[in-house]
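Note that the chains are named A, B and C in the order they appear, and that numbering of residues resets to 1 at the start of each chain.
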Amino acid sequence: MSKDNYIIEVRGLVKKFGFKTVLRKIDLSLKKGDLLVLFGPNGAGKTTLIQILSSLMLPTSGKVWIAGFDTGYDREALHKVIGVISHNTFLYNNLSAHENLKFYGRMYKVMNLRERIEEVIGLVGLRGYMNDHVQTFSRGMQQRLSVARAIIHDPLIFFLDEPFTGLDQHGVEDFKQILKKFRDQGKTIVMTSHDLDRGLELCTQAAILKSGNLVYKEDVSNISQDDFKDIYFQHTGEQKMPVYVY
Amino acid sequence: MTHNRAFLKVFQFVTFFMMLLALYAIFVYAPVEKSMGIIQKIFYLHVPSAFLAFFAFFITFIASILYLYKRDNRWDTIAFCSAEIGVIFCTIVLITGPIWAKPIWNVWWTWDPRLTTTLILWFIYVAYLMLRSVAGENRRSNFSAVFGIFGFVNVPITFLAIRLWRTIHPLVITGKGINISTPMIHTLIIAFVAFCLLFFWLLINRIGLEKMRLKVEEIRASIEDKIHLEHEKQGG
Amino acid sequence: MTFIQKVWAIVWKDIASELRTKEMLLSMCLFSFLVLIVFNFTFDTGLKNLRENISGILWVAFIFSGLMGLGRSFGVERDKGTLHGLLLCPISPWGIYLGKMIGVFIFMVVMEIFTLSVFTVLYNINIIPFLLPLGLIIFLGTLGFATIGTVFSAMSATTKARDVMLSILVFPISVPMIIALVKATYIILWGGAIQEIYPWLKILIAFDLVFLLLAYLTFGFIIEE
């Protein structure tokens, strides 16, 4: 296997829930420093794919290597190098922001934890809320703290499942800055999104997932944003301009 | 496939014949026991059932371990089917026991180690079946395999604990042996063989049925999937 | 060493989180208090010949309110969506199991200390002279209960009818333990010779060891999807 050349390598990945097929024979490989955005309508299998990549689920068949680790076997080692952010924040409501980070920091055995917490909490702009309980936070603040939680162990690879959910305009901008910084630092990122503009702005690779098939994947330097959008609408059959008149 | 079916036909016939033979042996061949009377005949039903209930749960235990080890769904199906049939035999034991006990011991139930362990066993495997029905599809097999192992390992500990618990009190059941004559032993053996055949016949058929159900479900899912994909293609 | 620190981090997180609201501890204690009261009415424990029941009442109180704590152990993690966060941490399933199990164990011990004090007052039994053997029995029983309960809590947290399912799974398996606990407690409380509890002690220790081993071997299968 050529798993050494690629930091993420997926071969013939199939996932079934009972007899319902959610992912069909997905092949995917990413080099270090890639930022892949997975586009696709609801129910395309984006979340399932992210969960399998982050080893929360096992594939029904096929293999996944992340940084050389098989997701079925080297989970502990794998978990040290990945950071996951989803619309679910993984935060404990009754604990303060600081305590949440302290807990996750201890689990990842972060060195100089006190300074590291200061650092990440500053990075997401929550320095003044260090000792407030998470349940008093707004959805956007919780999502920011969730970002701090995911980066506390300085992972090499990020899996982001709709990370913009619940963030206000300001939060989105901040988060984009953080993502750009990671990209420039050479971190590998896989992100799902249904927002074409935001996604395309950041990514180096764009892919379309539809009904469990990876129908399209291209380096964004080879294709203009408008062309990609045309392809996306062609594949998914969605309206060109989303109509928000409810 | 045809070979298999032919074998099943023969097997079914032999089972049927043995069951008839067992009925004959129980009611005609075996003499009426002197002190207990006609009620003693329930023993020929009770004893093989008890053995087979334990045996069925043992199969579930082994199949559960093999499933976790090999990750082959066939073992999961075997574990499930065997537990289901085991519960049926266990229920037979728990019903025939008190029917016999009432005229003989004068009580329907006594907290004797064997009785109590059987009752607990019944509860464990009913819980096993319930767990299967409420667990999510992609967790069901793992959960029930783990519970199948926990449940069976628990049986000897339960038996020991109950025996220790009861021996502190005077025993309700005294060692009043049954006067077993040779025809009775013959009958018991015939009934035993007949019930074992019945058990395996049930198990094979239940597994076949379950496999068929899974197959149908799979076909239905794949048809739905095709329709869904086709629909999307036209829409897109 | 790292492993122990991580397990401790999980325990610390559960305790810190619980101490914020004290919701679960309070309801567990209140519940066991109620059990003691209700059983007093149903059994009229003042009568001498019914004294045997008292050790049973104590364990019913422990086990039923322990079940409340168990149900929440994984239930809360799942409801709040933190379970995935926990599973993504670099720790073996066994580590997660131990962390959650020790948490349940500690909550149960707190509840048991409270219940025992109420018990002493309400049932007019002086437990001070028996504190050591009684403590040992309670330790083994609580450990066994937390051992099997944490496994089933992780299972039932993902199912429908969560609480009912948890009871249905826990009770049949815990039968030998409950028998041993009630008998041993009875012997201790009514001044039996210490040798009399040895056989029960053996059963309790066997139960704890066997199921800890089984949990070690199987917990990974329970949390995977």
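Keep this in mind: a contact is a pair of C-beta atoms (placed from the backbone, for glycine too) under 8 Å apart; a residue touches a chain by one contact, two chains touch by 3 or more.
None of the values given here were measured: they were computed from a predicted structure.
Student: Would you kindly say which chain has the C-alpha centre located farthest from the C-alpha centre of chain A?
Tutor: The most distant chain relative to chain A turns out to be B.
Student: When you average C-alpha coordinates per chain, which one falls nearest the overall C-alpha average? Tell me, please.
Tutor: Answer for the innermost chain: C.
Student: What whole-Å value do you get for the distance between chain A and chain B if each is reduced to the mean of its CA atoms?
Tutor: 49
Student: Using mean CA coordinates as chain centres, what's the gap between chain B and chain C in Å?
Tutor: Whole-Å distance between the two chain centres: 32.
Student: Take the average of all CA coordinates in chain A, do the same for chain C, and state the distance between these two points in whole angstrom.
Tutor: Chain A and chain C have C-alpha centres separated by 39 Å.
Student: Got the chain B residues that touch at least 2 other chains?
Tutor: In chain B, 138 touch at least two other chains.
Student: If a residue has to touch 2 or more other chains to count, which residues of chain C qualify?
Tutor: 224-225
Student: Can you list the chain C residues touching chain A in their complex?
Tutor: Against chain A, the touching part of chain C is residues 2, 5-6, 9-10, 12-13, 16-18, 20-21, 80-82, 84-92, 224-225.
Student: Which bits of chain B are touching chain C when the two form their complex?
Tutor: My answer: residues 68, 120, 123-124, 127, 130-131, 134-136, 138-139, 142-143, 145-147, 149-151, 153-154, 157-158, 160-162, 164-165, 168.
Student: Which chain A residues qualify as touching chain B in the complex?
Tutor: 17-21, 210-211, 234-237
Student: Can you list the chain A residues touching chain C in their complex?
Tutor: 51, 54-58, 76-77, 79-80, 82, 84, 86, 88-95, 99, 103-104, 106-109, 133, 149
Student: Residue numbers of chain C touching chain B in their complex, please.
Tutor: 148, 151, 155, 158-161, 165, 168-169, 171-173, 175-177, 179-180, 183, 199-200, 203, 206-207, 210-211, 214, 218, 221-222, 224-225
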